[in-house]
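Shared chain: subunit A. Partners: subunit B in the first complex, subunit C in the second.
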Partner chain A sequence: MAESSLDVLLKGSSGRNTRGLLRIIILLTIAAAAVSSRLFSVIRFESIIHEFDPWFNFRATKYLVQNGFYSFWDWFDDRTWHPLGRVTGGTLYPGLMVTSGIIYHILRFLTIPVDIRNICVLLAPGFSGLTALAMYFLTCEMSSSPSAGLLAAAFMGITPGYISRSVAGSYDNEAIAIFLLVFTFFLWIKAVKNGSIMWGALTALFYGYMVSAWGGYVFITNLIPLHVFVLICMGRYSTRLYISYTTWYALGTLGSMQIPFVGFLPIRNSDHMSALGIFGLIQLVAFAEFVRGYLPGKQFQKLLTSMVFLVFGLGFAGLILLSVSGVIAPWSGRFYSLWDTGYAKIHIPIIASVSEHQPTAWPAFFFDLNFLIWLFPAGVFICFQKLKDEHVFVIIYAVLSSYFAGVMVRLMLTLTPIVCVAAALALSAILDNFLVLSKPDPEAVAKASSDDSKSFRSSRNAVVGIYSYFSKTVVTCSMSLYLLLFVAHCTWVTSNAYSSPSVVLASKMPDGSQFIIDDYREAYYWLRQNTPDNAKIMSWWDYGYQIGGMADRPTLVDNNTWNNTHIATVGKAMSSREEVSYPILRQHDVDYVLVVFGGLLGYSGDDLNKFLWMVRIAEGIWPDEVNERDYFTSRGEYRVDEEATPTMKNSLMYKMSYYNYNSLFPAGQAVDRVRGVKLPAESPQLNTLEEAFTSENWIIRIYKVKDLDNLGRDHNNAVAFDKGLKRKRATKKKGPRVLRTE
Partner chain B sequence: MKPWATLFIFFSVISGVLAAKPSDTFEKFQSLSRSGPVDLDSASFKELTTVPRDYYAAVILTAIDARYGCIMCREFDSEWDLISRSWNKGTKLEGLKVVFGTLDFDHGKDVFQKLLLQTAPVLLLFPPTVGPFAKVDAEPARFDFTGPVTADQIYSWIGRHLPDGPRPPLIRPVNYMRIASAITLLMGAATLFTVLSPYVLPIIQNRNLWAAVSLIAILLFTSGQMFNHIRKVPYVAGDGHGGISYFAGGFQNQFGLETQIVAAIYAVLSFATIALAVKVPRMEDVKGQQLAVITWGAVLFATYSFLLSVFKTKNGGYPFYLPPF
Partner chain C sequence: MPAKRHAASTTSASTASTPATLSSGPATLKTNASAAEIAQHVWQQYLATTSQRTMLLDAFMAFLVLVGGLQFLYCVLAGNYPFNAFLSGFCAAVGQFVLTASLRMQTSDKSGPVVSKPSSKGKNARFVDDDDEEQVSGYSHERAFADYIFGSLILHFFCINFIN
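Coming up: the complex of A and B.
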């Protein structure tokens, strides 16, 4: 009989084993789905590192693999930030590189010859599989439902909010950090539940790993203390809490201080002070609890409570005093700008200029999370219903991270895990009720209906169950439909929005065939092959890492924006007249200048569109020499055509972008397709630079900085002489400033 | 003006030099100022800015009177006062003289006309023409106010035009009143809390209240409320045909009303989910349960379909939809 043979499989201990096996198979399938949905870009293009920051990580990993761990730790990089250099070993989060280095060496040990590039490209998808597993563990701690963990793992595996940062080739810190984040939280919940030093120490261990991997560790540093604080306020202090928190804090802080880039920040920076403060508070509370056991009198208890409050208040005031007096560093700018949203725009234009630091409009939420976004509040509500210690954690995490994600697009990444947990809780609550075949027995219901529930209104009555098959079918079908839609949505989003390497662009030709635009690599390879090994390349900081990674040439500034003045120097050189820029270029040994120009192709992410940020950042340092107002017409328009302001037309950036551009068009017909305007008939004239290379679609243009004139003339005169113009006598009296050669 | 004129003549007589000698002009305005900025009119402005002068003159041309509706002028007035006080009190470079003045539109219409000023406030800094810090170019440096400006910005702007050397820091007077009132308020709040705690605590400890607050916060944040706050988007906009367009075009734009609609959609969807997950399985009535399931299921379906259609308008290439909308 089929039924009885099924019964053997589904009941008793072998039933448990069957379910366990099924669970493992499902989890493995989820992990496989998570990995494979991130491979679009490898299949469409090739195994290539994406975007900007990954190129630096890739370069650092290569350095680590070639030179060993210790020289990586002490790495001073003289090929970036010329002429300053960068103490790279001490200013990066080494977790990512070390992880792929270890994987590389393990594979070598197993005699599997894998190129380090392929490890780097595939690291993020690989870790996303692990994230799905960690998510399963975390959610299983939240709910007794058999389906919640699996649902959460599936959501986490394919939700675009996480895929956006972990497609193959996006070799960035977030690639491993989200796994560490989720797993640390799982260990923390486990520690709070069991009150065990082992789990606490494991939490600290993974916290330390997280610190070594991503600057976003501050989120954990503040979220765990907040969780503890809320639990104490709710009167849920317990020795479990004390043990897990103190273990985590002591070991985790020591661990995090081992990273050179973090160093003494955990005890000197306001970002970390909440953890320290709660560490103090929990000692007081523990002491009070201890004494309370010996002092029965009510008066004493009151006294004790007020003492705790007083000491806490005094400690808090002391912290404020220390930070005002400067012993404790104030909030770091990036972190502070999350609370005071206008802060970055005024004080740190370089942070405000990055597009992923912009606030999030609502379509982005739906785009990244699809129907999870409305399951999310329902899941939080269900947490309120149970409200054990771990549910408090979910609620705090949910509210905080939805605020952060609203302020900064990039932090959608930290919101995604908790959305998956909450949505899985909500959906599993529905499925658990509606997927039960047996009907509720009215008599049993009548017995159970007198209930224990306390204060929460919606859960006062006992769960009865669903009576009709029709209801079950309707709800199950519609939920399956939403789930299918979710999968389709995720695939569509991943394939369309998040799988472009942005180093290689793809567009469609009118006949529908794909047209690959490979200008970046073309130009970088030109640099690699046609310039001396130590030719200094100046470009806007966005392209610094790529030039370092792909062209292997020294750069002036790069995406590690540690020196605002240096960036402003580049901004000033780009936005000033040639006569001002040329001395700057000479002083910084610049050999080539690289600009990105999208006018021919209609590529909107080009330098002229970023130009105002260069002006603004330069203005921040030299307010007298660069003025944003000068780049706008009298009617306040940003124009590049005939009516552009003289400052705009004379700026180096404008000249380099449009130099000789009109030669592509019939006379007077030159059109900029990004800004959609007709350009002046005459090309701008460049005196101190000469065009060295322009890529196929004109996206990258490289100019060589001319050497000083052999005859000691200034470049203006030399160019005029070469053109056969008669030398003007009057030039000596007045005219543009010329380079003096000392 | 009379007594000052006599004083002025008196000074010129006893010193036995020409009245136009610049150092005297400086002394005169310095004594006038009494550590704050000098209130100027057309005549004294002219006197202050005539060459030769051996001092810097920083003059703000402003229109404080409420008639002109210049909010920036009024806001900056106290800041300007702060700057001149800080400067006059502190120690500065030997021999460096700076006069701070305020010229109101009411007293100096012709100055505004002469300088062809259309807007206020405008800050002019006249460099000295004689003396150790003399500049060749006697033209004043001009600062145009394009947005709200703090005293620190202006102070550093002025500082850039002055010769290098020690300059007094900008000191904001400690607002004792505010500190005192803050402490009083804090203590009052603490007292109130202790007194009211038997009544307040049940409210604070109410789980339903916290659930409501958290859910509302989450709904607001995930519907892009912070974007509205930071970008200061319009609440609604016209569609060009006299109607209202509820949804902004483009993926990166949104209106205030739009986010509220979206938040409401999310709320409906969430509550339908909560109803299905929590409320419905607790219903004992068979018929009622059936009805509730169908109702909530239909609400869920229709609202989600509407949400998808709204999203489709924002993102043209989006291929998915659900039937009704």
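Coming up: the complex of A and C.
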């Protein structure tokens, strides 16, 4: 940007070094900007791990650093999914933890004592700087214009679509995966261009790294074969293509199988079959091409068509046969939900319940990408104009990822890189045409017209060009304005929307001062200090990782969600009456139950708002005992006030949320601020649980599960006795269900 | 699998037409020749134009196809019990075959028959571009061989790591 204005001064061979130096400085500045714009949360709050999944990654990294690589590889974790446990070493993508472990050891070796937590917190910003560099390389492969790469790097550095997943503290797989994605694509383009084994092998290596880091590697696995397939269909088969693709596939597949979690998937799972199919196809094409060297056209045509039909038919039939007979696993559920957006809601509520798997709302595109989103089609159009091999890649990538980003919110992340590339191509084309401010003296006119004639045949003879300072100024200024607005927008979005750790909440007091709500850590710390080391905590699965990470207590379910039945059990315990729930709690050794309640503060992400998902998931396993309809009023409303259904009022979740809540308010005035309703005058009765802890703002409430009664009574009677109520004969005879489990 | 099938077709073609080398086939081909005749013709052209070194590579490729085929046959007949071992063995064969094929393409391009057509359209212009690129960027045989070694090292590292 600054470079292109200085370009005039620096023309000539002596200026080349200067320009190279400038470019390096600009890239470093961009990387620095990318890193520093992600530090809002550290500055505003503290160096803390965010959200949910990162807490598990953090815990795993600590385990890796403490126990070494081999025991990490064989790690069986008995403190999650009680009583089942989890084979953690074989069911995670180890790339992230290993990366930060290596960085940790390198720093230790250099005698720089850095806490592992700080490495984890700052890993994502650090890699975002690298992503900007990778973006520069990728875009430079696409365009000869020197500004395109720098623009793309700058866009990638600060676009909110990527920042959303890589602020300091969001220590998630995506933190390094996007860098790997972009860099793998760069290497792939390089390989296709050069047709060398080395680039192909490097692509495969980085692909392997990507596989070890993120489940989204399937995107690469399908995109590269598609690129090759389209190129072959366009009649652009070449030895370069054969060399790069086959090298990538042979090495990359083997590399991906080294990860225990992936294992034999690349040859078993349908998601990976397209790569294998293209591998076969390209062998055939290569062979055909080889034979063609020896044959005149006619016979070759004859040979070719018969061969193609035969092989294609055989391969297709084989694939169907294998799929039907079950040798190749069917497509995974998440994959189906990509094609049929209603699929997940019907068949796999656990996938649909995650908010980042929902379809994207259209304002999100503008929110995350700002003016890039309307430069994006222009950039794709420019690719159509040039249409070399690498531009075909951009087009395919653009089409595919636009679709995917529309289907799932989180896949906005894969769209962002290509939007940056395309927008940079478009913008650099505009700037290149408008920014050169040379005066139209005859020589320059002649030169410019000859330059123009290369690109526009129709204007070869006429001296056509943009010479008036007015039009140049208008276009350039408006573009700079857009760029400035973009920077302002990115900074604003990052600071306001994406920098909240969600472990620590911040709000503004009426006088404008900041008010920190730290209930989560308060409650987790309470657990850590006041409960035995082995106390089992039951909560909804969203909080499993955090409890494991911050409170260091065993949990029943967590965000890994590998066992749907176990989650449904927890859902059933939460959504049933106490008489049903208590045996479940006893059977699973639960000592404490944790619920999140936002009613006092107006914190909308609480358990009562997630409650319907618990009901749905439980209903999926026990359709006879849990029924979603029972939680709605007869008019189909989801209510928690006076008119809530009896099932709702008796559910454990409801009781735990509102237990004693009205004591905060004058009689009959209790209000739930999330749902904006007045609550019943008297608090729900809890017989089998007792309140153990409630955090400052009531966000987290922890209940202790009562032991069996000393005198052998059921809890109903015991509580009634404590209150001094007379035992009623009639209820004794009919009696509620007996609570004893042993 | 398709890789293997293709490879198998090479071997079958070569074995089928081996006797044809003894008899002197027609130098040029008729327009409506049968498939067998075409195959014979290809084989003889191949023998006539291929250099010694390239043939050596081809022999190695044929050997790899044989190894891969044998492993696959064993897997089908005797079961795939140490699946890791089978997979890494088979992948080693396939991968090495592919790498060798790539090496062959890079080294034999200039000596082999070059399919160049008079350029008239954009697509052919691209063709010319490619040739230029290959000559200018200069993939020397040494460079190609170094790449080949690099790729093979990675391949065999993965295989040994995977074999258990």
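Definition applied: the second predicted complex is superposed on the first by the 691 of 742 C-alpha atoms of A that agree within 3 Å, B and C clash if a C-alpha of one lies under 4 Å from a C-alpha of the other, contacts with A are read in each partner's own complex, and residues count from 1 in each chain.
What we mean here is this: contacts are C-beta pairs under 8 Å (C-beta built on N, C-alpha and C of every residue); 3 or more make two chains touch, one makes a residue touch a chain.
Everything numeric here is computed off the predicted structure, so don't read it as measured data.
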*Will subunit C clash with subunit B on subunit A after the two structures are superposed, or do they fit?*
fit
*For A:F367, decide between first (touching subunit B), second (touching subunit C), both and neither.*
first
*With the two complexes superposed on chain A, say which partner A:N433 touches: subunit B (first), subunit C (second), both, or neither.*
first
*Name the contact category of A:F384: first (subunit B only), second (subunit C only), both, or neither.*
first
*In degrees, to the nearest 10, note the angle that opens at the C-alpha centre of subunit A toward the centres of subunit B and subunit C.*
90
*asked:* So in the superposed three-chain picture, is A:H489 touching just subunit B, just subunit C, both, or none of them (first/second/both/neither)?
replied: first
*Mind telling me which of the two, subunit B or subunit C, contacts the most residues of subunit A?*
B
*Using the superposition on chain A described above, determine whether A:T565 touches subunit B (first), subunit C (second), both, or neither.*
neither
*asked:* After superposing the two complexes on chain A, what is the shortest C-alpha distance between subunit B and subunit C, in Å?
replied: 12
*Residue overlap on subunit A between the subunit B contact set and the subunit C contact set?*
none
*For the subunit C and subunit A complex, residues of the former touching the latter*: 1-3, 5-7, 9-10, 29, 31, 33, 35, 38, 41-42, 45-46, 49, 83, 87-88, 91, 94-95, 98-99, 101-103, 105-106, 109, 112-113, 115, 123, 126, 130, 134, 137, 139, 143-144, 146-148, 150-151, 154-155, 158-159, 161-162
*In their shared complex, at which residues does subunit A touch subunit B?*
341-342, 359-367, 371, 373-378, 380-382, 384-385, 387, 395, 398-399, 402-403, 405-407, 426, 429-430, 433-434, 442, 445, 449, 455-459, 461-468, 470-471, 474-475, 478, 482, 485, 488-489, 492, 496, 623-624, 629
_subunit B to subunit A touching residues, read off their complex_ = 144, 146, 157, 160, 206-208, 210-211, 214-215, 217-219, 221-227, 229-231, 251-254, 258-259, 262, 265-267, 269-271, 273-274, 276-284, 286, 289-290, 293-294, 297, 300-301, 304, 307, 311, 314-315, 317, 319-320, 322
*For the subunit A and subunit C complex, residues of the former touching the latter*: 194-198, 200-201, 204-205, 235-236, 238-240, 242-243, 246-247, 249-251, 253-255, 257-258, 264, 267, 276-277, 279-281, 283-284, 286-287, 291-296, 298-299, 303, 311, 314-315, 318, 388
